[in-house]
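Per-chain residue numbering starts at 1, and chain names A, B, C, D, E and F are given in the order in which the chains are listed.
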Amino acid sequence: MDLSPEAIREVVERALSEDVGRGDLTTLALIPAEARAEARMVMREAGVVAGLPVLAAVFAAVDPALVVTARVADGTVAGAGAVIAEVAGPARGILTGERVALNLVQRLSGIATLTARYVAAVGDLPARVLDTRKTTPGLRALEKYAVRVGGGTNHRFGLHDAILIKDNHLALLAAQGVGVGDAVRRAQAAAGPMVRIEVEADTVAQARAAADAGANLILLDNMAPDELRAAVATIGGRAKLEASGGITLETICAVAETGVDYISVGALTHSARALDIGLDIV
Amino acid sequence: MDLSPEAIREVVERALSEDVGRGDLTTLALIPAEARAEARMVMREAGVVAGLPVLAAVFAAVDPALVVTARVADGTVAGAGAVIAEVAGPARGILTGERVALNLVQRLSGIATLTARYVAAVGDLPARVLDTRKTTPGLRALEKYAVRVGGGTNHRFGLHDAILIKDNHLALLAAQGVGVGDAVRRAQAAAGPMVRIEVEADTVAQARAAADAGANLILLDNMAPDELRAAVATIGGRAKLEASGGITLETICAVAETGVDYISVGALTHSARALDIGLDIV
Amino acid sequence: MDLSPEAIREVVERALSEDVGRGDLTTLALIPAEARAEARMVMREAGVVAGLPVLAAVFAAVDPALVVTARVADGTVAGAGAVIAEVAGPARGILTGERVALNLVQRLSGIATLTARYVAAVGDLPARVLDTRKTTPGLRALEKYAVRVGGGTNHRFGLHDAILIKDNHLALLAAQGVGVGDAVRRAQAAAGPMVRIEVEADTVAQARAAADAGANLILLDNMAPDELRAAVATIGGRAKLEASGGITLETICAVAETGVDYISVGALTHSARALDIGLDIV
Amino acid sequence: MDLSPEAIREVVERALSEDVGRGDLTTLALIPAEARAEARMVMREAGVVAGLPVLAAVFAAVDPALVVTARVADGTVAGAGAVIAEVAGPARGILTGERVALNLVQRLSGIATLTARYVAAVGDLPARVLDTRKTTPGLRALEKYAVRVGGGTNHRFGLHDAILIKDNHLALLAAQGVGVGDAVRRAQAAAGPMVRIEVEADTVAQARAAADAGANLILLDNMAPDELRAAVATIGGRAKLEASGGITLETICAVAETGVDYISVGALTHSARALDIGLDIV
Amino acid sequence: MDLSPEAIREVVERALSEDVGRGDLTTLALIPAEARAEARMVMREAGVVAGLPVLAAVFAAVDPALVVTARVADGTVAGAGAVIAEVAGPARGILTGERVALNLVQRLSGIATLTARYVAAVGDLPARVLDTRKTTPGLRALEKYAVRVGGGTNHRFGLHDAILIKDNHLALLAAQGVGVGDAVRRAQAAAGPMVRIEVEADTVAQARAAADAGANLILLDNMAPDELRAAVATIGGRAKLEASGGITLETICAVAETGVDYISVGALTHSARALDIGLDIV
Amino acid sequence: MDLSPEAIREVVERALSEDVGRGDLTTLALIPAEARAEARMVMREAGVVAGLPVLAAVFAAVDPALVVTARVADGTVAGAGAVIAEVAGPARGILTGERVALNLVQRLSGIATLTARYVAAVGDLPARVLDTRKTTPGLRALEKYAVRVGGGTNHRFGLHDAILIKDNHLALLAAQGVGVGDAVRRAQAAAGPMVRIEVEADTVAQARAAADAGANLILLDNMAPDELRAAVATIGGRAKLEASGGITLETICAVAETGVDYISVGALTHSARALDIGLDIV
């Protein structure tokens, strides 16, 4: 569930550069350098907290003299009104870092909260909830971390670390007379031993062809529960199965009941609402 | 309504670096370098299109040999099924750039579409819909552009280009015996002639004090319509007035009817849902 | 009068990279790593000190073990021979950072000193002395800080944070049949509530047209005192007025006497002479 | 006299990022994307032109569709009113790039012009005019180019490419009982065959000691012409000699007459006035 | 076998910045800007060519007017004296880019040539030759490409894209009472479906425990052929097996004969000799 | 023998970004954040140690809580089994930084060790062993430091800090009727006083021409000992002489005996084998 400090630092520097730039005109004009303050980060609605290490990094980057104390750990389900962290030190730094800190923690907590709802909807069924590459450009590592915090599992991180033969690849190969099986074998020949191969399938027949060729994972795209069930039966454990496409909080349980191993949900990252969290000066 | 090429380039490079990194394993393994393809970007739901210059920049960065042709202009209201752009050239580049292009255009179009709904809800009333600093870290310039495309107006871009004396500033100043009027005067003394000064007010009395001190704009925070109306009457045009705080599609019209000049809505950027747009190889 | 640490850091890193690069050959060859030294930064001529936070940042970047102690604050008028700061610690670091530290402090103090002379020339008149965008590429934030240290006021920071409709804009618009009034209205429609609009005027008539259209500030370009006085009378406080163009220490008082609100002087930054300051090992 | 394209690009990108940032609000609001214009860069006072390749790079970076045509070459002595370059293409790009282009060309031409005056003052005497490391942080490569354009010669580029044993080094070494001769020998042992060694000398005796030890160049600091003459006689060509310290246009000829090989002038870069050059839309 | 243009560009820019910096003093001093030349890249010894796309990128970065024509494709076995590429255009660019181009192509060809020798030593046996993370810092993507060009297969690209539980991990876990099986299960719980898990084993028993727990790949560290054979028999295809540790050209065939799936050789990248290749002006 | 901290930092950041990226999956999955460990860096073969400051920088960048203690100094000849450094602190950081630390220290120690062998082969003869620009792209400053650690001397650092007129320059100049002497004089006119000029000579006659024209150093390319001896006699100390081209451990002594001042060996950096060094958890 951990997050690399380097991934945090890069996002924080960019966000501060964008929001603060050459300086916080208001704070520099009004608040003396020696003024000190304390603030509490408070949940304005209930949800899963995610991003406290980012919070700490924001204020440390604004002013190393600020002390951030987390009151809960990432992954905590906190109710409205709960204090999740405190910041103390030079007042200027608190005011200047507030918006960037909130923007990040609200977004990550929003993703973790939505993920947790999907995970809860799956209940005790073994299927795991996956994210996708439909993340905010520049924030992928953080958003995928928030998915983990919410109980989800990460799919690949980018085009560079796993092979996923999608419909568009298959269409282009088909035009050259290359079928699914040959596609998988080409991929195996090119990939090293640490690279997994997944194939997108629109039909059970395609899924079988992919499994026959040795795909590690098969993405079953936009299949109804009956079709998913047929795929599970046909593949019989030879490859892992991922259901994908338009799955919602209402439908995920029925999908999980089909016996697929994974269910991927783009909405976890592309459409999560920011959680309402505030920073109150005390 | 325009967007600086530099702002686009930085976001596109970072997004490609994150998603593609050392290379698109799948495409490099399967698709020959000389294969060519065409693809259409198609609306899967209706909405306001935003981000076509970004789309062009993504594919140009992936492979300068790709030709992107916009079929509509940003700001167009397009229905489900509408083709908004076409890409033609080396197949590898289309496949490799697809996800980054979609992630950006879907997000920007989602913001423009939501903004347009807020603007429509205001109708013929003079109030203008404003965005906030609650944007995605690293994407502020693009997201504020999408707000403009949707008919909204941009508030300040960061802490560096305007003065907004918020509740937390006032609280800290009050603890030192400095009131609203003095705060405004301090800000005027520090600011150059091109910097505007806005003050957040929780009550009509505070708003009046700010206007008396010469604030250019007053943010009326979380006021009910009656209170807003009282503020409008009290200020009488001496400063521009901005209503802010929890305003929704359902309540914005009532807020606009109070006579405020601006209504700011954080949800435009922090909670817009990505618009469903796809890329189909033809 | 404050300066963002981030703005300092970027300039300091670039300057050290340029001057020191892979290492200070002389110092590495001659001075043992364990040698310690103390040095004093001494005014070789009188002037207004500016840039001591930059000085501290330079030596901290060269070697965090160096201790910099400011003996005066930025803005102090120091006489020839005055010690303005001391540096103590590893001798190598002092020798390696010396030139970059001096280059920056000399330049900033030069700007502050020149600004202070212009401000003094205005005397008790209400007009404020403004800088321009004629700054050294890469050093704008620091140079505008030095202007503030010298008692001046900052005009806009770049093309991105305020609107200034200049003669070239007006000429191009005129060729399309667009006059000053329409230009201002177009700008108002595009700008958000936190963006001020200034218009350059060559004649009193133009100034009046701009004021009529609602410009916040009018730049009176290259006008003689009589013409400035006429503009002041004509505008009658409806907009702020800025005199600009070839104003010198000899002429600024006469300009200020016309009643304009601001007087901008490009020479503050584009032609300030470096102040003579030295670093003496003790 | 040439300048690396890479050195130009870095400065231009930084300058545009600083001045234009997320966009030129005025131009985007007022000038249509399809408007075209032509502009002439005109000397407002006479001087030596320097920086035309930088000019071209600025406009190319703003908009590759802009065409820049140099009317003279760098190094040309141009009179007031002379057109030195023309720019044609999209009007927006001309307006947006104008200030950065002028800031750079004015500064570089100012340095070239001042250098040319020093070189002219030396006349037919063999001494060459040198620059120093007293350059603007971030602009060293460009400013040293401008010195060459003006007829001057470059001293070292940084602490990394040559050895100059200065007074502060000698003072620290003296405290450890190490004299000039040993210092030179230590430097020779550390330096490779492509690194030259210069020693600062305050007296003729020190200069002789340095030459005896094999220094390639000796910096004669703040010596009067008689002392310089004595040094020239004493060294007798065993090392090159550089006069330095407070040399002005009035005194440089007397210094050159002493027979020194080089005369270094910090003012060439740290205190050159920007040359007045304008950009006129036609 | 392909290489991402982005990976090339970053290395090329850094290499040119390091070698050329502010300019190629010799070439700028001696060769006129308008001089043109042609050059041939010639093998001075036989080997496998790798890096021609990098060659093209170097000269394009130095001067876009240079035309690079590859005479063979990467992967070609070329004899001494063979011309593998030609460069034509401005003479300055050829001279300035020569060393960086050679440094990269010589290194990559050296790696490809050494890899090909290891692959040849394995002969018709099914074992594939793997690289490791023992690459040159900053050049990993290029060096792993060269391994592929030489017929080798890539192991993981970094700590971020696959799990390899090494002896040091196991030792730390053992100190906490956690065995191999539990380690694998912890890793499976943390990893998403696209991440493979490899375990290092020093004994056949450890290898069996790892396979029992579901490891995808087992690294058999420093085992003699007999032990490797025993591991192959014991695992029986339940996991892929990688032999590693001190394998040379002399011993690799015997290792391959044991039936392992992969043989990793750090020397491919950490100790390959640069291939002798020259650039001759014609 | 010292190395700039800045040069280290840049390499270390790039190497960690490449190898660790968004995180060390294995270590994050298996090792608790609070686990602590100690490790020893141990020589697995004898050699000259180089790179301990880099080692410290790697672990500091991974986790500032790690304490690195060097047990020897760079330049020490250490036998197999010797402990050269220790690392203690959070176990995660040790595991995550291990490979990057080893890759760098192994490479630098390999270069230092090979250099020391060449220097030893020269014995008491006065010739000094030089490196070349045949370094690993991106690692030049570190590799040249390792050469110094091994007792070698650095040639120039890049095209930017010294003039070396090579065969290709001379060939192009010859085609324009410009001979060696004129080439040297052109170079002298362009170069400042701190830039040395070396000329490559294929024959004794060329060497003499270069010396006559005032070259500081002459590179005698691929000459047999007799020819080198003739060159030494002919030049008679008027310029320094550097033998270059295919010199090996077997031939270097014979070359040194000819009386040349320097012998350059590209193999020091382009073909040094990594020294075998390990990191053992204790």
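Everything below uses one rule, namely that a contact is a pair of C-beta atoms (placed from the backbone, for glycine too) under 8 Å apart; a residue touches a chain by one contact, two chains touch by 3 or more.
Predicted model only: the values in this text are computed from it and were never measured.
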Each chain counted as touching chain E and chain F at once: A, D
Chains touching both chain A and chain F, listed by label: C, E
B-E or A-E, whichever has more C-beta pairs in contact: A-E
Length of the line joining the C-alpha centres of chain B and chain D, rounded to whole Å: 45
Whole-Å separation of chain centres (CA-atom averages), chain D against chain F: 32
For chain E, residues that touch 2 or more chains besides their own: 20-24, 28, 157, 160-162, 164, 190, 195
Touch relationships between chains, expressed as pairs: A-B, A-C, A-E, A-F, B-C, B-D, B-E, C-D, C-F, D-E, D-F, E-F
List of chain A residues in touch with chain E within their complex: 1, 128, 130, 153-157, 160-162, 164, 190, 192-196, 198, 216-217, 240, 242, 261-262
In the complex, chain B residues that touch chain A: 11, 14-15, 18-31, 35, 37, 39, 91, 94-96, 98-100, 102-104, 106-107, 110, 133-140, 158-166, 168-169, 171-173, 176, 183, 186-187, 189-191, 195, 270-271, 273-274, 279, 281
Residue numbers on chain B that touch chain D, as the complex places them: 2-7, 141, 157
Contact set on chain D toward chain B in their complex: 16-17, 20-24, 28, 33, 63
